[in-house]
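The structure is given below, and queries will be raised subsequently.
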Amino acid sequence: MVELGKYAGTVLAAYGITILLVLGLVAISLRRGARVKRALEAQERRMAKNG
Amino acid sequence: MTALLLRDLTLALRAGGGFGLSLAFFLIVTVLVPFGVGPEGGVLGRIAPGILWVGALLACLLSLDRIFALDYEDGTLDLMATAPIPLETVTATKALAHWLTTGLPLTLAAPALGVLLNLPTAGFSWLTLSLAVGTPALSMIGAFGAALTVGLKRGGLLLSLLVLPLYIPTLIFGADCVRRGVEGLPTTTPLLMLLGITLGSVAILPFAAAAAIRVNLR
Amino acid sequence: MSIWEYANPKKFMQTSAWALPWVTGLAVLTLITGLVWGFFFTPDDFRMGSTVKIIYIHVPAAIMATGTWFMMLAASLIWLIRRHHVSVLAAKAAAPVGTTMTLIGLFTGAIWGQPMWGTWWAWDPRLTAFLILFLFYLGYMALWEAIEDPDTAADLTSVLCLVGSVFAIISRYAVLFWNQGLHQGSSLSMDAEEHVSDVYAWPLWVAIVGFGLLFVSLVLIRTRTEIRSRRLRALEARERMA
Amino acid sequence: MDLTVTDLSIARGGIPVLGHVSLTLRSGCALVLRGPNGIGKTTLLRTIAGLQPPLSGTIGLPSEDVAYAGHADGIKSTLSVTENLRFWARIFGTGDIAPALAAMDLAALAERPAHSLSAGQKRRLGLARLLVTGRRFWLLDEPTVSLDAASVALFARAVRTHLSNGGATLMATHIDLGIAEAEVLDLTPFRAAPSAAAPGGFDEAFA
């Protein structure tokens, strides 16, 4: 394991926050993407059936 | 154009609202500061340039949404867009009217409020000068922000969020000009920058504002 | 074949569907390579100790924060001039990514500043400029959210992006000017990356490429979502009419 | 010079409402637009007035010769009737407002502030504004809303005077104004057909 010395908390906090923020953004993007995709497919199916 | 300017000024005077309200707001903000930071003259005198500029800026912000919102609601903007005057002239004129009813009174009232905040004597002329040069930019930028949000039901808060970041350079150079004036340093650079921002805003933003209004009307 | 063909939504959906797995895979690969290399296999700096490892995220994030705004500016211009819907939707999709990058830059800068300068926040010109950039991103996204009609929103946000860019640049110089007035000299400068030695430079470059690919991947995903949501809206409107 | 509209398609809120509308408005003529609510009469008038771009098609009209009057009259309630009217006269660069006041029977109300006017009186002020624009083509959107029978007759007389002076009006209204020479255009056949459901492809979302 790498030795971080007295700044271990600082470095780990920086990496931790970054990973959290990036993962949060990825999660939001994917979730909304999946939701919109599902909604669009449902709409297309419904209109194909009715129209 | 003169007709529009005169009408806007008449409206501002008759309704009373924007005109006196901004000044009163400026006064209250300035009076509140000593209660917050304590009555010590030295401290107040040092932060006075910044406080006065921030106060003027907020007071200016207060009346921005009235620039176009009322004309949008009663259909005047629709009719104006089909009138022979180009919308660019309309936006510039309305910004000018806003400055005459807000920026100019604020500029004139600022020295009196400077007394309340123990602004050093050397600062008074610079305070008036920098506000006179800088507040037209505030009105023009604000008119642009108001044009962007004119079609929105509750655009007021959004307007502040859009406009305040655009106000940053004006605030920095304006307050710095007064600070340098107080300390006896040369003030040419911030004053010229302030003038540049004002001239640039007045030259470019009427077009951006007119474009935004055209989009909002369709 | 002209590059504008990719501005066609259908063509864009096809091409991006093909490209997305590659870009995403490559992004993950380079990001892990760069960060692992930087985190585990570079020595500590004699002055900054192990905090030097923060540059592998701080610098790429800062580059992406400003880069994203420039990308949005270009996309907005393309929309205003050529009226390609994909372009402005890409700008809309990029804004949250840019905001996140700006936040990362600010947070890592503050965390770095604590041991280095003894304070979480200093009104250092560069940090201040990023704070202002953050405000611009917020305003841009808020305007998108506030306007109902998508084409109106596209036009107005593009105009805001244009005007905002000019004022962002003026702010950058204003802040430099303003801070010099206070500090004289820049003992708090974050210029470390401008004279990093090779040991740090290579993993840093890999990390920058990784962040860039991550940005492209996220923007592709989000733009696809925006295009789908526009189509969904159009279909719903048609259903109401029929 | 006539006002000609050729093969015009228009949209409201991004959704096509009318397609392939063609019409010609000659001097001295009145054209009345009919059609059910929501067909796009207002949108058509706004498009011809240049307030919003058409989806396709062309509008040929003498530049700066159109006056538009929508649902809102653009009246400032704190200004008097005279002040309101004189403002528009100055904006349009015409001088005398007395004939307009007389034509709309507003002379007695001239010095009243606009907020003290009734809805019908405000409407009459809004229509008087058309007279001071000095423009030939009037685009009127439901001009007779909140007018009583006497005021409608007043308005019809103003329109007829305008027509006999070489003007022309295009209006959306349901009321028979008793203008003999008025033609009627029913917009129902021009309703934009909803295209077939979900024909795939993402392009059409941006049409």
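Which chain is which? They are A, B, C and D, in the order written, and residues in each are numbered from 1.
Throughout what follows, contacts are C-beta pairs under 8 Å (C-beta built on N, C-alpha and C of every residue); 3 or more make two chains touch, one makes a residue touch a chain.
Per UniProt, the chains are B = Heme exporter protein B; C = Heme exporter protein C; D = Heme ABC exporter ATP-binding protein CcmA.
Please read all numbers here as calculations on a predicted model, not as lab measurements.
The innermost chain, defined by the distance from its C-alpha mean to the mean of all protein C-alpha atoms, is B.
Placing every chain at the mean of its C-alpha atoms, the farthest one from subunit A is found to be D. Note on chain placement: the centre of subunit A and the centre of subunit B lie 41 Å apart, centres being C-alpha means.
One simple way to say how far apart two chains are is to compare their mean CA positions; for subunit B and subunit D this gives 37 Å. Averaged C-alpha coordinates give centres for subunit B and subunit C that are 31 Å from one another. Centres computed as Cα averages put subunit A at a distance of 52 Å from subunit D. The set of subunit D residues that touch two or more partner chains comprises 197-198. Shown for subunit C are the residues that touch two or more other chains, namely 231, 235, 238-239, 242. Each of the following residues of subunit B touches two or more other chains: 218.
Of all the residues in subunit C, the ones that touch subunit D in their complex are 8-10, 12-13, 85, 149-151, 227, 230-231, 233-235, 237-239, 241-242. Within the complex, the subunit D residues that touch subunit C are 13-15, 194-195, 197-198, 201-207. Note for the complex: subunit B touches subunit C at residues 144, 148-149, 151-152, 155, 158, 161-162, 164-166, 168-169, 172-173, 176, 179-180, 189-190, 193, 197, 204-205, 208, 211-212, 215-216, 218. Of all residues in subunit B, those touching subunit D in their complex are 2-4, 7, 10-11, 14-15, 71, 73-76, 78-85, 217-218. Listed in rising order, the residues of subunit D touching subunit B in the complex are 46, 49-53, 64, 66-76, 78-79, 83, 87-88, 90-93, 129.
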